[in-house]
Every structure is written in C-alpha cells, then in structure tokens.
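In the two complexes below, chain A is the common chain; its partner is chain B in one and chain C in the other.
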Partner chain A sequence: MIPFDFEYYKPQTITDTIKLYHDLDLMGRKPIYYGGGTEFISMARMHNVYSEAVIDIKGIPELNIHEMKDNELIIGAAVTLTQIAELNLFPLLSLTVKRIADHTIQDKLTIGGNIAGTIIYRESVLPLMVADSDIVIAKKDAVDRLPLKDVFNKRMNLEKGDLICQIIIKKEYLNLPSIHVKRTKVEKIDYPLITMVALEKDKKIRTAFSGLGGYPFRSSKFEQLLNSNKSNKDTKIKDAINSLQSFITDDLHGSSEYKKFMLHNMLYEALENFEEGNK
Partner chain B sequence: MNINSQIGVSTPRKESWDKVTGRVKYNGDIIPTGTLHGKILTSVYSHAEILSINTSKAEISSGVQGVVTSAQIPILTGPLIEDRPPLAKDKVRYFGEPIAIVVANTEEEAERAVRLIEVNYKPLPVINSINDAIKPDASLVHDSLGTYTCDADDIFPKAHTNIVDEINIRKGDMDIGFSESDIIFESTFKLPQSDHIAMETRNVKAEILPSGKVVIYTSTQAPSSVQKDLSKAFSIPESDIAVKVPLVGGGFGGKSNTFLEYLAFIASKAVNGKMVKISNTREQDIMSAPSKIEVEATLKIGATKDGMIKALRSRYYVNCGAYSDSGPRMARAIASECSGPYNIENIYCDSLAVYTNHPYVTAYRGFGHLSLTFCIERMLDKLAKKLDIDPLELRIRNGISPKDLSPTQAKIKPSNIGNLSKCIDRLKELIHWDEGSIVKMANGNIRAKGVSCFWKTSSSPIDASSAVILTLTSSGEINLNCSVVEIGPGTKTALAQILAEKMGMDVNKIHVKLEVDTETAPIHWKTVASMSVFMAGNAIINAAEDLMTQIRHIGSKVLDCSPADLDISNQRVYLKDNPNIFIDFKDIVHGYKDPLGFAFGKQIIGHGTYFMKDLTIMNKETGMGYVGVSWSVGAQAVEIEYDPLEFSYRLINAATVIDAGKVINPKSARSVIMGGMSMGLGLSTREEFIFDDDGMIENSSLRTYKVMRFGEQPEYIVDFIETPQGDGPFGARGMGEHGILGMPAAFANAISSATEEEFDYIPITPESIWKVKTGGKYDTF
Partner chain C sequence: MIKFSGKTVLNLNINGENLDVVVKPSDTLLYTLRNELGLTGAKPGCENGDCGSCTVLIDDWPIKSCLMLTVEAKDKKITTIEGLKNAPIQKAFVENFAFQCGYCTSGFLMVCNSLALHKPKANNHTIQEWLQSNICRCTGYEEIQSAIKSIINNEI
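So, the complex of A and B:
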C-alpha cells in the first residue's frame, strides 16, 4: 500500500519527457522517472521515497531500442533484464543480470533503473564498466553521448531531470573472454557478498566489483597490481586486495576479512581461467 | 457391508480445490463495506521512557476517525503474568512495540496520519542479551515484576530482577552420577531469536455492535483464548464476544497468543464500535508481533566408557524478550524434557526465563523442544566422538523405554511412547548409514551425515479440552463441527477420516466446517502442540459412539430387534446376522416415517468430548509431575557436501523417521514433516534476528531476514513407524511440529564432522565456518 497519491504520466518522446519533468518540478510535484517500478513501489510503501508525479519512460521508442547498429550494441534504458538475458548480445552482461533478484523481478527491472537506482549494488553497471561503454543522457537542452566512466562515480552523477536513454557498447568488447562470479552470504538469490566481472582485453584483465564496499567500482591501481609481471598468483592477488584495504567494509552479508578471503579465491579462479583460455 | 479403511489413506484435503484455484478467502480478503482501517505507530527505541505523545496533528489529518494511546486503556495483559500493556504505557520495552493506533476511512489515510504522531522519548539503558539481563546490577526491564497479577499458580517471578521464572528438575543424585562416570565434559550452546514468518501476516477486524456484542474476525490458532483474553482484559462477558476464524495461512505458534485482537478491539471502541481492520505489514509482523525464543545453555554430561550416560546437569536461559507471554512455559517444557529421549537417572536442570529489551516471544513450532534437542543431541555426538562409539549406536544404548522415568519422574509406558530404536534402525537404512558418515569425494569435497533423535510431549495446561458436534444431513451424511483451526496441515481432513473410519463410511460423505465460530463450535483448547488430531480425534470417536448409540436405538425400533443386534456402516444400520435387513441413515436420522403413516424418533445429533487425563503441575522443588499424555519420538539425519577450500556447503539429503503411532493421512503427514524439516534447516543455515548495539533489529524485512527458498531444498526422505498410542485415536500420536526438532542438531553434527570442529550454535554460515577454521583473518594464509 502506497500511502500517498501521485499523478501518472506516460510521454512518448524524449523532448516531452524532459519538459514534463521540469514543468512538474517547478510546480513542486517532486517528479520521478518510472521504469519497472520495483524500487519505487517497495520504497514508497516504506516511506523511503515520495513523489506526486510519476513519469513512466517506457513509452519512449529510443529507450526501448535493443540492437546492433554500426558495430555497436545499443540498449535502451527501458529494456528489461529478462530481455537482455534472452537476446544475449553481450554474454557478460546477460550473466550478470540473470543473477540480479529473481526471474519475476528481472521481468520488471530495467537496465536504466538498475544503474540509476538507490539500492547500492547496481550490478548491471559492472560489465559496462569493463567494456568502456558509453551512455546517452538527455539533459534539459541536449542529448549527450558520454563515456560511462565520466558520469558514473560510485553512482550515476546526473543533474535533476537528466534521463538515461541508452547504453552503447562497442562490438569489439562483446565477445572477449570474460567471467562473472557472484557470491552471497547463503542463498543463490540475494544481494551480493561480492559480485565480480572480469574481462580480458589486450592481454590485460579488467575487473569491476559490487558488494565489497558501498558502491560498484573499478580500480586502475587494483588492475595494475593484478596484471603485474609477478609469477606467483597469490602474491599478485594479495597485493591487489591490499590496495583496497580501506574500501572493503563489513555489512550484514559478511565481514570485510571474509570478503577479502572470498575475493582472493574468486580472483585466483579467474586468473586460472584466463590462463587456461590463452593456452 | 464392509467399506475400505478410511485411515492410512492419502485423502485429498477438503479445502484443496478451493485453495489451489485461489478461491479460498482468508481473513484479510474479506473487507465489508464501511470498514475503517487502523495503523499502528511502533517504537523506534528498544528501551525508553515515553515523555510525551502528541497526537493533535494526526487527529486532524484527512479521513482520521480516532487516535488511541495507552492513556485510554490502562490495562495489562498476558496469559501467565499480566505484564504487557497492549499499547506501551510510560515506557517502551522493545523496538517495534505498539504505541498508538490511528483509525481512518482508508488504510492510506491511517498510514499518513500515523506518521504525524510525535513521541518524545528518553532513552534508557538497553538489556540487549541474556547476559545483560542476568548481571547482578542489571537495569530492570520491568520495575514492577513481583506486583504483577499472575494468572497461573505455578509461576514464580523474581521481584527486582529480570528473571520471569525458574524451573528446576531434581532427579537422582548428581554426585553419584558423576562419580560413576569415566568421562565428564561440558559445552555451551546458543540458538538465536527469530521469527515465525507465516505466509499470512497477522490481521484482525473488530466491531462492537449496538447491542454490545463484540465480534472479532481474526487469523488465530486459539479462538477461544481470544474470547477469554478479551473478556478478562476489558471486563466483557465472554458470551458477548464472538470470534470468527476462517482458514489460516500458517501459524507455527505465532498466532497462538492474543495480540492484534486487543488493538483492533481498542480501535473499534474508539470509533463507536465501527468495524476496524488492522493488518500487519511483513515488517511489523517480524519486529512488532511476538517471535521465537532465544536460548543459551550449558550442559555437563557424565558417562561410562561404554557410553552409558550417568549424569546430566544443565542450565538453560530462555530469552522472553520484553514481555513474558508463554516464554516461561517454554522454559518449563525445556526443563521437563531436558534429557531428550534418553534414560538418565541422575539429572538436574535449571531453566530460567528472562526479560530483555528484545521483541517479546510466544510459542514457536516445537515449543522449546527444538532448543533442548539441539543441546542434548550435540552432546551425544561429542560423547560418541570422544568414546569412539557409533553415534546412532550410542543413542540406541541410552534410548528411553517403558519402565524408565522422564526427568519429571513420569512413568514411561509402552502405551505412551513411540519406539525410538525402530526409528533409528529405519533411519540407518534410509540414509545408508553403513556406507559411512564421512565420505571424501574425488573433487576434494566431503560428504557428511549428521544425526539427531528427538522427543516431544504436549506441555499443555492440565485442563486442556476438546469437543465436537455431529449433525446429519437429510441424505444421511455427517457435518463435523469443532474449533480446531485449519492452519495448513490438513488437520480437519484427518479428523474427517477418523470419523469416517469410526462410522464405517466414505470420507467424502463427511462435511467439515472449515471456519471456526465460537458462537456455534464447541471449545477446543488451541490448535497447537501437535495435539489437534489427538484431542479432537478422541472427541470424535466419543461423538461417533454417541451417534451410533442413537442410530442403533431408532434402528432397533424400525427393524424390530435389540440395539445389540445391529451394526452400522455405509450410512446404514443393519442386522449383524443378516445385512440384507437394514435401514438407511437418511430414513431415520431426522426421525422415521413408516409406510403406514406413523412417525417416531427424532433428529439425531452426536457430541463427544476429550479432557486431558492425569496431568499435574510440576513440583516447585523437584519438577516432579505429569506434563504430557504421550511422547512422540523420532530420528533424523542431514547429509551435506562440504567444500573445504571455500568453507561452504550444500544440503544434499534430509531424513526423518517418526513413530506416529498411526498415520491417518500419509501424504499430509509426509508434507507436514517435510515442512518442519525445511523450517529447521532454515534455522540451521540462516534465520536469526540481528540486533545492533541499541537492541534494534537490523533485518526486519524479507530482503535481509532470510528463509529457505524453494530451489534450496535438499532431497527429503520421510518415513513412519507405527507403535500405537494407547489412548490415541486409532493409535495416532502428535507429529505436526516434529519435523523441525532435530534438524538443527543433525545439521550441526554433520558440519562438525565435516569440518572437524565443534559448532554449538546456529545458524552456521560459510563465513562462520571460515572464521572457526582460519581465525577470521584474511592475512593468515
């Protein structure tokens, strides 16, 4: 039960949507963009979000694109996790989204919502981070294509009313050797203790994580240490993990020490797998 | 004229079709026009003085019809000790405690207004653990303990402490027991507080009619207790209170106390008796409504080198949370059954129920037996290991049997207990025990089997009773009316089977009233303690005999013979010597009209009752007494696969063999045992409340409070032994709760074997194994 009333809008173009948002905002309606609705519904019933105007963005054609075009994969922000998993154009992303919540929720969750949501894990951003993805954002007066790394720092850094429209991944990244590992406290379906994606490009391993600390991240220092010339895998991994010392936190899912232990094993297996693949 | 047996047959539940097609209406599904909605404001502190409550903004919020705080209802409630105000008065004692209710036209309006109530708190020191509670200088959860009214004679709260009650068992001589022992050791155990998580959250509708009649529509396991409790709390004659209960979506003990019913009544009273609905959200049901006990215990055991247990000294602490409810009775159940299903001649036990600033507790599946089973069964496995005796062989050697005495010195008789060694033997076959309890696999993993036995008795009040009424349709079929609540396991279908068997008729011709209405149904104590089939089943047998006496009587007049010449089956009464001479029920049960135009006889109605036999309260010094009419025993096993590199595990198999006395409905019996096992594995692997330093629950939603999910279940193996219970209906004995009892112990035994460590607590997560195995530091390898 949502204990407040709100208006519902479903605009059909990006321009209308942006204008609508700013108009409603001026009127003090505290508008929000609405994709799959899972977060809004579950948070509204607990009084953790409030809005008097909900703007459903699922009617906008550009946000529903899901195709290869000019050697790039374009995924609209309103595409659901299930659609991504089923079309499977970027296997690492498919693997990742198939382990977010359960199947029923994956039918509702949109990739834009998962990336921009409040819940800190935002696991679908991890494959995009290691694949140097771009993101298309509609702003008050322009639509910009920007490198994800310029706008995602801990979370999406958007200005009020900015709308994530699309995610673009270059074809060369789609089928590189890659690994997705998700570890939870106990259950298969849960928030991550650690979710790791790793992708090998130009003989260098790139990694991104969720669950270790308060937000998804990719660290160049970490990758540098992980890709060092040291022959002993354990040493390399330990060096890399030690570089994250202050970042890894205790939470309800596990202690920081346990996360480090788990991360070590995950990395070890990942390095072995990549080595195996290169033989 | 014989009909196939109606028991021992997997009869589909009476409510199955309506349930699987979604047509069944649970209490919350029915909202009559004009119903108002109540929302509860709960405490954000676990212990604090309430300096002020300002409801003025809430009162003028749109749609609001009334706001209630404890100021309007200065009463205390509680089944044993009257220590709990339905709405917190002067101070709050747990995080989530109800403080005020807003009644409004819609649920949304009530929820909006409840947020406008301003409460000014002054935080007090928090009793956040059993250890905090028993410190000599501990601050008190209840300053007035000692002056509270006690509704039971046999409860002894200690004034100026946090100790609600202490139960002692003194049997034999500990000095002798330990002096006869070759090996003595001690261990400490811990089982955390957790929640019932019934699928249907608690919900109630209440109205007070202009005539003064109070009608409560609720999801409860105890309709007549609700009636009694409201009567007592608000000084309303019981006869003016009607409690109506449709099918209930799971109880597990959590719906055996009166909780939300008080609040709904208060809310209705605040709006001139209009119907008010109060329905818990999942989060409120977890943190605000009563939960499961926490237990800490230390056990010291002595045994000879051939494994005969000579002495057991145990001390249990039961955390009741902020209010006593039935917590002390679970402490008592633990004490009275503290030996487990083993014969121990020298046994002392102290079991203390204590207050803390945690959510208060009520009955939970197993009623304390789960906790004592965990402790004693871990001890037995340790003993087996130390003495290098097969753990199941050790259990057989010590198994309790007729002529032995229970810890309360009740006589064990062939007719009141199941056969433990038969259960163990069958378990051994089912889990291939002879293939070894530890197997190293090619991939480096370890398969380990852990075992546990269990016993449980009913621990009911000594005057618990049940009754049924049977009426007949004009077609000669029977309506069965009793106050057993259908909470999920198909109890009422089993009762129909018992009646069908006794009457020698088809179970499909028995019609069970699934809903309970205290205005028309006779009293059944509570649908708890796995006693419904036993108690109501016995009442049914008596009722059927009553019915048959009346039928034979009129039959003898119609057929012109003596009643003793007649038999009954297939809905007809006939001559024993010549079954071709008969008269159908339909022609006599509403009076007989003969072909000549005479009419005689009368409408036939059967009734039957059951009253607990020979139970006594426990002696205060020694614990001597008869606390239950029977003991159900069983043996269980869990097989896990352990990964020694990751310290993780998977559940592979879980098995239960229980002596059910007589299985009435095999498929229902199997599913209720499996359900218990699944709950037990949930407790073993994940379920617990996590409290922060201020006593607030950190995992009060299903995002973070974890229960077993469908895809995580092991293979379940369930089988039955049938050693008839002397006074059970067709020999049946209780088994509704029992699947849960030994699962945590069997699981912990399996994990302990696989890891070669001792796990004396639950839940056991991969991280907790990692911690034990590595010391909990990443750098150490």
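So, the complex of A and C:
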C-alpha cells in the first residue's frame, strides 16, 4: 500500500502537461510524472518518494508514437518495453529491454521511465548511446530535439518539469551488427553485474555498459583502445579495461576484480563474433 | 483531462462485468481487487514486483497488480483468476500437478493463460521468458512448464 494520498491527473497534450506540472509545483504539491509507475509505486511504498500530485503521461499521443518516419525510428516515452520487443524495429534495443526486470513488468515499464528513473542501471539507455540517438524534451517554453550524448551524463540532465517525449534513432543504425550480453550475480532476473551492448559501425566497434560503475556509460578512450590495430585481442582488451581502472567499482553484485575478469571474457567473445560476422 | 482526487466512485470492467467501486488515487489495483471487491484470487506477496503472485490481465496482457494504480485501469479490460472459467490451462494445472500450497497458482495461471493467447506456438525460450516473472516457493516449476506445454502445441 502507498502510505500517502495524492491527486491523479491524466492530461492529453504536452502543453497541458508542462503547464500543469509548473502550476502544481508553484502550489507546493511536489508533482511527479508517472510513466509505468513501477519505480514510483515501489519507492512510495518504502517512503522513498513523496508527491501530492501524480501526472500520468500515458494519455499524450506524441508519447505513444512507435513508428518509422522519414528514415527515423520514433519511440514515444510512454511506449512499454513489451511493445518495443514485440515490434522489434531496433533489434539491439529489443534484446536489451527483454532482459530488464521480467516479462510481466516489461508490459508496464516505459522506456521514458527507465531512462529518467533514479536506479543507476537504466539499461535501455545503452543501445541508444551506441546508436547516436536523439531525445525530444518538452521544457517550460519549448520542445527541443537534442543528441542524447549532450543530455545524458551519468543520468538525464533534466530541469524541474522537463518531460521526455520521444527517442529518435536514425534508420542506418537499426540493423547494424550488434551484440547484447547481460551477466547477473546468480538469478537470470536481476539487476546487472555487467550489461554490455556493442554495435559495429564503419568497421569500428562501439560499446556501452551498465553495472560496471555507478552509471551507464560509453567511453571514447575505451573504444579507441579496443579498436586499435594491435593484432593481439587480449592485449587490446587489457589496454581498454585498464583505461576504466578507477571507474569499475565493487558492489553487492561482484568485486571490481571479478567484473574485470567477466568483462574481459565478454569482450573477447564479442570481438570474435564480430570477426566471424565479417568473414 | 482526467483528474481524481480523494475518494471517487470509479466504474471498472472486471471479468466482463462493469462494477462501481470506491477508490483513492493512491490505491493499488491489488488493494482494490482484494479489499473493495472481494476478489481475493490475486495474492499479495512481495508487493514490490518481484514475485508475480498478484498478476492479473489488463487488456489480456499480464500485469503485476501491486505495481498498478486502480485509477490507471479506467477504460481497460481487467481479468482476474475469478474470471477464468474452466480455461484449458486450469485443467492442465490439475492434470500436471502444477501446484502444491497454491499461493502462487493464480499468478502463474494468469501468465500462462495470456501466453497461450498471444503465443500459441511459443518455444521453450519464450515459455521460460514469460514464466520467469513468477516465483513458486514450493518450486513446482517443472510441473508448471509441463502444464503450459500441454496446451500450447509444444513437444514436452
């Protein structure tokens, strides 16, 4: 049970939603956007979040779009992980979301909520990072389309009341050779020890990770070393992992040493798979 | 714009019937089903999305009712275990001994019923993907898999 009361709003347009948020904020109601609600409800139950006004964003048509348009894939922020997996327009994203939480929760969890949420893993961001995605954000006075890399640094850099509306991925990225690997401590359904996505574009491998440290990331230094023309795979991988030395942390899922060991093997297999695919 | 504040009478479509029920915006669907409507088939377990014992169908897809607000269910079709009337999966559970204490059973039945509806030719991988949403403390997983496989045209 949720141990406090709130009002529930379900607006139908982006303009109404932004105005409502700011009006309620001025009234001191601590408004919160509500997508799938999986994080809100579980945190509210434990007194980890409080709001007197919940704004359900699932009634806004732009946030429910899920289609190809002008050579771009547009995914509304209120689209659920199951819808993404079923339509499967970006296979790397489908593989990634199919391993977030469990199948039933994927029916409710939204991609916008996973990106904006407070848990550190935010696994659905990873394919978006390697695919140079853009993100459409409604702000108080404007709706902006911005490169994800400019607004995601450890977490989404949103100002109070900013609403994630859509994610846009260019068609040329959708079917490139790619790999998704999620390793957990024990159970298949769990937050990651390491989740890795890798995508090959212009003969270079791009990678993004969750679980290694305190936030999802993509590192240009790491990729440069991984793609170096050294012939020995082990050396390249060691060099790349060494560049992350201080970033890889011990946590409940595994020690940093264990994570480095796992990462080495994951990268080795990934490089072999890409090589195999290029033969 | 839809707005709910304080206690409101909401009309919900549950198991094919339209029912009026008093809800607060902060009520979870699990709470309303059990405490306001007496539909106690959906079971509270973890109330955190982990165990699946509270699973119901919303527009025929499985949802953990502990992670859904009742007000979100407005204009949706809700199916609880009480709405499964001699569905093939119920018979299959009996024939395959797919329950022991029975606490997880309604949740598993709802997931299996939806799986049979949406993926009548599901392979082993898909079956496992769907079933992994639920926990059986009595560990009857093999029997539950046999039950679902017996109704979805799959080699056991």
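By our rule, the second predicted complex is superposed on the first by the 279 of 279 C-alpha atoms of A that agree within 3 Å, B and C clash if a C-alpha of one lies under 4 Å from a C-alpha of the other, contacts with A are read in each partner's own complex, and residues count from 1 in each chain.
Just so it is clear, a contact is a pair of C-beta atoms (placed from the backbone, for glycine too) under 8 Å apart; a residue touches a chain by one contact, two chains touch by 3 or more.
This is a predicted model, so every value here is computed, not measured.
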| item | value |
| --- | --- |
| Larger contact residue set on chain A - chain B or chain C | C |
| Touched partner set for A:Lys69, first chain B, second chain C, both or neither | neither |
| Which of chain B and chain C A:Ile2 touches, first, second, both or neither | both |
| Partner chain in contact with A:Lys154 - chain B first, chain C second, else both or neither | neither |
| Touched partner set for A:Ile189, first chain B, second chain C, both or neither | both |
| Touched partner set for A:Lys204, first chain B, second chain C, both or neither | neither |
| First, second, both or neither for A:Lys98, with chain B first and chain C second | second |
| Partner chain in contact with A:Glu257 - chain B first, chain C second, else both or neither | first |
| First, second, both or neither for A:Lys140, with chain B first and chain C second | neither |
| Chain B/chain C common contact set on chain A | 1-2, 4-5, 45, 188-189 |
| Chain A residues touching chain B - in the complex, by the definition given at the top | 1-5, 45-47, 185-191, 241, 252, 254-255, 257-258, 260-262, 264-265 |
| Chain C residues touching chain A - in the complex, by the definition given at the top | 1-6, 24-28, 31, 47-49, 52, 55, 58, 61-64, 66-69, 71-72, 111, 129-130, 132-134 |
| Contact set on chain B toward chain A in their complex | 107-108, 111-112, 115, 281, 283, 645-646, 685-686, 690, 698-699, 703-704, 706, 709, 711-712, 765-767, 770-771, 774, 776-778 |
| Interfacial residue positions of chain A with respect to chain C in the complex | 1-2, 4-12, 16, 20, 36-38, 41-42, 44-45, 54, 56, 58-59, 82, 98, 101-105, 107-108, 188-189 |
